[in-house]
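Please see the structure below; I have some questions.
By letter and in written order, the chains are A, B, C, D and E; residue numbering begins at 1 in each of them.
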Amino acid sequence: MHDLLPHISAQLTNVFGSIPYFMPEIYLTGLFLVVLITDLIFGRRSVKLCKIIACTGLLLVLFKDLQQVALILDGDHVIFGSMLLLRRSAVFFKIIIDLLSFILLLNFTWDDKLKAHPKGLSDLYTISIASILGLHLMAMAINLLSVYLAIEMVSIASYLMVAYRSETALSTEAGLKYVLFGAASSAVMLYGISLLYGFSGSLDLLGIVARLPNVNPVSASFALVLVLIGIGFKLSFMPMHFWVPDVYQGAPTPVTAYLSTVPKIAAFALLVNVMPLFLFSADWKGIDFSIVLSAIGIVTMIAGNFAAVLQSNVKRMLAYSSIGHTGFALMAVVTFNLQGLSSLTYYLAVYALANIGALALASYFSNIVDAEEVEAYKGLGLKYPVASVCFVIILISLTGIPVTAGFTGKLFVFSAAYSAYEQTHSIWLLSLMITGAITTVVSLFYYLKIPLYLFLKRTENAEVASERSYNLLVLAIIISFLLVLLGIFPNSILKYL
Amino acid sequence: MITLTDFLLVGALLFCTGMYMIVSKRNSIQVLIGIELMLNAAILNLVAFGKYDKLNNGGQVFALFAIVLAAATTAVALAIVLNVYRRYKTIDPDEIKNLRD
Amino acid sequence: MTLVRLLFYTMSFIAIGSALYAALSKNLVRSIFIFFVTLFALAGLYVIALADFVAVTQVVIYVGGILVLILFAFMLSGRETLNVIEQHKGKFINMAKVPAVILAALFLAVIVNIILKADADKLPWVKQAIAQKNEITPTSSTIDNIGVNLMTTYLLPFEAISVLLLMALVGAAHLSRKEGRA
Amino acid sequence: MGTALLHTDQTIISYTIAAVALPLAASIINFCLPVKSKAAGWISTLAILVGCVLSAIVFARVWNQQPLHTQKLWFTIGNTKVFAGILLNNLSALLLLLVSLIALPVHIYSTAYMKHDDRYSRYFTYLSFFCFSMLALVVADSMVLFYAFWELVGFSSYLLIGFWFTKDKAVQANKKAFIMNRIGDIGLLSAIIIIFAQFHTFDIDALFGQHGLVKFMGPDNGQWAFAPDRMPSNYGSVWTRGAMTTLPAIWQYIACAGIFLAVAAKSAQFPLHTWLPDAMEGPTSVSALIHAATMVAAGVFLLGRVYPLFTDTELTVLAVIGCFTAFMAATIALTQNDLKRVLAYSTISQLGYMILAMGVGAYGSSLFHLATHAFFKCLLFLVAGVVIHEMQHIKEENNLDIDPQNIQYMGGLRKKLPLTFIVAIVGSLALIGIPLTSGYLSKDGILIQAFEWSEGRSAWLKLIPAGALFTSWLTAFYVSRLIVKIFFGEFRLLKHHPDIKLHISDGGWQYRVPLILLAVCSLFPLFSLNPFFYEKAWLFESLKPAEFMARENIYHTIIPIGVNILSVFVMYAAYAIYVKRNTFSFPQTGFFYRLSYNQWYLDKIYKKVIVKPILGLGKTCFWFDRNIINGLIHSIERLSRAVADLTAWCDKYIVDGFLHSMAALVQSIGNFARKFQNGKVQYYLYSMLLIVLVLFILKILI
Amino acid sequence: MNLLTLLIFIPVLFALVIVLLPSSVRGSFKYITLLATLLQLGISIAIYLNFKTGAATAGINHEDQFQFVQKLPWIALNLGSMGKMQIDYFVGIDGISVTLLVMSALVMVVATLASWEIKSNLKGFFLLFLLLDMAVMGVFCALDFFLFYLFYELMLLPLYFLIGMWGGVRREYAAIKFFLYTLFGSVFMLLVMVGLYLSVSDPATGSHTFNIIQMMNPANYAQGSVFSAAAHQTILGMPARTVGFVVLFIAFAIKVPVVPLHTWLPDAHVEAPTPVSIILAGVLLKIGGYGIIRICLGIFPEIASSGAFWLGLIGVVSILYGACNALAQRDLKRMIAYSSVSHMGFVLLGIASQTAEGVSGAVMQMVSHGFLSSMLFFLVGVVYNRVHDRDIYHFRGLGTQMPQYTAFVMVAFFASLGLPGFSAFVAEAFTLAGTFKSPTVNGLLPYWMAVCGSVGILLGAAYFLWTLQRMFFGKVSLKGGEVWKIALTDVSIREKLALIPMAVAALALGLMPSLVFGKINDSVLALIQFLQAK
């Protein structure tokens, strides 16, 4: 204790000094408590209230996020004693996460199946707010402890959300698989962290990077690989992707939308926080992680896209496609430059938006005609033209065909990769790009399946179910409109990134 | 003198035992136990190394957090396992495979 | 010193032995109870590593919390589980487990390899810590140090984990709740 | 662009344009008329009449004068300016007049001949269109335009052959004709392109005119090079049009081969001649105009246009092929029973003569023969038309199931159709080349010059004039056979159907006037006041080559005499043979025979020594024609079809199969990736850990 | 308002009108579309008439020589270390585009007239139709690669649905095949495009640019960039510029299409409804040719020269292979589809020759084929609409049954097989002339290619005449008997209205090739000069 006495005041100053840079998270914590209390007080009938509170609160958080933009103008800030790093990309990731989360929170009650959950949805709001807090931490984490904590926070929230519809077998099954896989991955990761800590004597990533070169490179690489497993689990890249299809399919659709987007963005934020430290350290002699990530990217793209071709369940198909997208986004990561980062941000935002839209429409069709399999979509295109057209636009964006935001996203990623290639002439980047191009074509195979069934296949029964789920429809329309708009004027967002 | 390597080796053995459990046991709860074993292996490492980090207590604090997190994870996992049992009347992970290609 | 060493070996032996038994046992109940032993042995090892606070936490949370939880779960899931599993009783070595054994063995080989390669005791930072007296000695009390650290350096994780625990609580409660009840 | 145009030239040009355009106008008007409108015939006839007059004026002005050449920029492609214009020299003026002159009677004749057809105005639309194409072909000054009209001529012929498009044979025939012509067209196109690549111009005058480029270039040292020794002293501005690039010499041969191909296709030369007999499925009047007189002459005309391009060797090849064609077609004609087919083969044979003449350098004679042949062959076809028309009449009146064109059913029509008979005799004599007819003049010219040409050449080449000579006797034979079968003897149909009524006559004035007109034109006075010396013909005099030899050698005397005596003999033989058979019942027809006491003896000799081998030869040739040449064409067709099927198969299974295998590959990769997804979470974990570990180990080891 | 912009976006305006109109007035959609296309035609003709010729407005590689230019900054991003990204809305035309524009506008009108046959889901159909229309016009006008690509890809989706929703029995297969094929090409095109973009910088602003014209200037390539001619970079062991050229070429070759990348075409054409077949054959195939000229040749001139032999070879193979395949077909539409392959082979051959005659012939062939193939497909549609059968063997003697129709068919067939007087003749003849000239002028192609090309013309005659004989001549004999006989009425006024402009256009171009050559000549010469200068 006496050793620490001289440091305490400095530490406390640091903590207090950090608080201004931590406002969104503080608001989130507050929001969490408010929602929790509302939930506890009003019980099952509080869904609407919880929703309103959660959403308005999130808007407030978003506002705070935006305020942070001003804070980072003077450079990066390490806060809470090297626990978190607030920097430009983190802020943008946070803004995107909050924005998407806002949509997702709105979305929860719009899925009929989830809404019919007998135990109410208010707990879900509580859990998801906590999860968003975790995501925020993830985007900023720069310390092994905060990394681990953030990942666990998000993971546990995710387990709960997946298994949330405890009365249905599939949801529970998905939950079990998720929790077992996730817990095992995090155990492995923790072991890696412990080794990393042991080898460097520090939890601070910067400190680790500084000291790791003194260790045997093979050992250090192994520890890093184990840590990568934990991040990979969240990103669901090959070979940590096995849980994805089952879980996405089993989880309630809005939860799938949640899982497939925001944690992924946060995990990418984490990846770009962590990985470059090791790559650009001149003393690093272990495994070249840019090659590892490239290889993973290639394999992930292939595995995700090719397997998706054979799927018939819409959600499962989208799950595989999200694996493919992870692979593609890794291309932007391995460029390890600023352009790569901004293109990654853009790509992820656009992908997430489109994916949310796609899953919202999956909910929509599931609500009105109980369609889960793609065969059930047969002939719906002419009966529900607006939704179907939106679906097409969204899928086109996911494929990456002009004029949608997906295309511009792909273009920026490609150009980032290209410019990196121009400097390094790395064969891996080239093969990444080629694989990306090929898998884009392959992805068309399965993305087209939905329009194919919607429009091209004819069906006999002509009855039109009463249109409900206007909310989802409006959401889908807004999303597809945004996607097209961003496709034509990517400037409007990209110039900030 | 007990060296760090000794601790690490013990940890490694525990870790691998846990790993063996999670891939082979036909019971979700045993799988969970396996995970706990792996976690403990990691905690052991942390604690062992923490000995040389007197000022910051990094290892020990991390160990504490890990234990708490393990508890939370286990609680959640068990809740899910119970639910699974209600739906499937079994907790053998291999039997639960409605979701598959 | 030799006593400590002896103690270390004993504890290690108990921990590993009981873990192996838990791993190999087909009987869930036995598995759970022998896991108690492992955890206690580990707590002992923590003490040997001069982390008494961690050891206490280990005992309190793991043994008192987690295992009890597991037992509850086991009991809630009823006897059927047990029965189903007991039917599998049979040979000690099961062909189906061979891949798992191989995996574990491979991992062990790799980990041991890298541990030996890393040569943990000669790591620069360890030497530095010893040189700077940044080493916990059996005589020093670590608890107050941990307390201060938790309130300063690790304040953020400390606060965050409270949110996490609350959330886990809410979630777990939600899942375990019977349907239809608020 | 040779000389500056005078005011009068301007008038001539406009006359020419009018003469060419009038049929087009008629065609367009007719196209707009109702299908059955009877006005169509007169519109077309009027157009061609006026055209004829204008052509005559043009001819009078241009003949033996400086060639007239005028052109306008048509379009520019790259740096190449493509001009369209009119080139009037002796050759084109002659053809211009000839075509309109032949077309006029045919038009008149057609108004009657096609009177009852359902698509009367269409017929005249096509006919006028043909006239337009042909006339334009004749006056065109640029190779591109020439090619264009060359094809249009083929196209209108296609339309006319298939005029009765419900007849399968007609449709087959016109397809065949078009494709055969198309082969020739490709040859011509290639030639044009080669010439363009070599000379960078399409201008016929600049290429083949008096100071034409072609004259100064020739195969040399493996290059189609510029020959300095042929360099003109006053080389024109054409030389400065862009740098001269030279092609390898082989392209000169290919160009010539291409042109020959075009000639062979249009003028029905071996081996592309088989379309012509089939083309007889069209209306007879069409056959008369197109497939006897004009279109088929286009090949010869083309040769005339590009004459300077050919080297001596190439000309020899031409001669050989012309000779062979002439001979082969003549032998085939011997045994045909279809009236029009006989005439068709005879046309081929005569065209062979013209090509032969071109080959041996008898440029003038060739064109002379072209002109005379046009008249008498047209005449013969019109005669055939009358005969067929009347036979058709009989057939319909008596509901008989006969082929109205089969000469086996005819005979003794001399009485029924007196005028027809007379003009037919005139036509045949002209075809055989008996003195006092135009045919004598032109044909003898060819024969004599062929002999002259063979002087001092390889002995094998002597076969050419010999073959030509022999062919002329064969001609005499089959023509006589034809005439005898039709007009002499008894009406054989009566033998089988004794009760049929015969209400037939020469027909109305629309039939008579053209026949008479053409018959008159088939006699010598139109061409020469001297009925015996071909070189005195004005037409020949204007066209003869500069180095023409005057009557210096023996050929000039021997050949006409030899040919004619033997021809008469052959005619008699034919007469004897074919009339003789029926002599018993019709004694009045066989008085020549009765006069001869050893008639049987002669008959036997004829039969055994002459007739049988000759007939056999004819049959063989026909068989060869049908089976080998046509078979070749068919097998090419079959081959192309097989190739087509193969490519289709290829497309379906190999190219598409590749695509499908790609899809299968995608599926298999997908399946592989899916295999891991068996729903067992522990398996997932196991795979994950194992993969990570194995990769790590590999990475470290490698 | 810039005329080109107006031309491109008119369809969108009308599409908006259609979107807003209720379905109860669906009968008026076709008239609205017709109005839009007619308006476009009017504008395109105005552009054509106001198009200035002369060496000073040749275009090709001089930005200031393009006409009707509109250039607006669109996407401009500061990418920090990577420099600035510059994407402009940059449209403009030179001689090569202008004729294709007019042709496309006319084809669109005809396609609209052919759309009368569409009976179901009119709103969707005409919306997609107009979208496609916009994309097509955009492709021909775009001078910014990004913009070009955008329009290029934008064509895919409407076509997919147009084929897939209103097509024949195997429409799904055809639509997907088409989509995948084209996307395959264009995805890789995207990669090259990005590479080019990063290699080229605009000398005026210094930022990277997608400007096609700037890409043509070797001086604008950054030192050592992937596609810099001076840098001799390699990709996968092959010279980078060669790879770039090949990739772009494949992308466009799929559109053209050339053997062996053509198999989407017969399927797509056969299954597509008539208006879509018309657009496919009339306009879309031209985009491939146009792309090769504008982009492949423009950006990689030296590769185009060194690879000319292979280009020509592919062209020749396409000519012959397509013709042979056409000969083997018994589905009329399929036959015509394969004939398109054959005819488009000439385009490639002409382009490969890199002579003024060859390239002009190629452009002419594109324009000519635009009219003729549209006409042919329209004609097939006429029969198909009446009896829903296209098998050549099922018809006989249609000449008696439908005389006017037969007349149109004959015009179309003979024009297609290269009868003088029609546009195809001029095009093919000069393509071959250019090809033949090539060995002496620039030594790119061997002589025999011209010869083989002319054999293709012959084969063309064979299959067209065979069809004519089989289907239209002879005695009437129909598979469907009396029912068909009643159904097979002669062409209606509307059909005539659609057919006559095409026939007249083909004829006019045949008689006055200067209508096309006059406009393209300067550009072609500039292109040739550019190619020679390299």
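Keep in mind that, in the parts below, contacts are C-beta pairs under 8 Å (C-beta built on N, C-alpha and C of every residue); 3 or more make two chains touch, one makes a residue touch a chain.
Not measured: the values here are computed from a predicted model.
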Mutual neighbours - chains that touch chain B and chain D alike: A, C
Spell out the chains that contact chain A while also contacting chain B. C, D
For the chain pairs C-D and A-E, which is connected through the larger number of C-beta pairs in contact? A-E
Which chain wins if you rank chains by how close their C-alpha centre is to the centre of all protein C-alpha atoms? E
Whole-Å gap separating chain B and chain E, where each centre is the average of the chain's CA atoms: 64
Between chain D and chain E, what's the gap in Å when you average each chain's C-alpha atoms? 40
Provide the C-alpha centroid distance between chain A and chain C, rounded to the nearest whole angstrom. 31
Hey, how far is the Cα centre of chain A from the one of chain D, in Å? 80
Sites on chain D at which at least two other chains make contact: 674, 677, 679, 681-682, 685-686, 689, 696
Two-or-more-chain contact residues of chain B, please, as numbers and ranges. 4, 8, 15, 18-19, 22-25, 31-32, 34, 43, 48-49, 52-56, 59, 61, 65, 69, 72-73, 76, 79-81, 83, 93, 96, 98-101
If you go through all the chains, which pairs of them touch? A-B, A-C, A-D, A-E, B-C, B-D, C-D, D-E
Touch list for chain D against partner chain B, complex: 674, 677-683, 685-686, 689
Touching residues of chain C toward chain D in the complex: what are they? 99-100, 103, 106-107, 110
Sort out for me which residues of chain D touch chain C in the complex. 686, 689-690, 693, 696-697
So in the complex, which bits of chain A are touching chain E? 337-339, 342, 382, 385, 392, 396, 401-403, 407, 410-411, 414-416, 418-419, 421-422, 425, 427, 430, 433-434, 437-438, 440-441, 444-445, 448, 451-452, 455-457, 489-491, 494-495
Of all residues in chain C, which touch chain B in the complex? 1, 4-5, 8, 12, 15-16, 19-20, 22-23, 28, 31-32, 35, 38-39, 42, 45-46, 48-51, 53-54, 57-58, 61-62, 65-66, 69-70, 72-74, 76-78, 80-81, 84-85, 88, 96-97, 99-101, 103-105, 107-108, 111-112, 115-116, 119-121, 125-126, 129-130, 133-136, 140, 142, 145-146, 149-150, 153-154, 157, 161, 164-165, 168-169, 171-172, 175-176
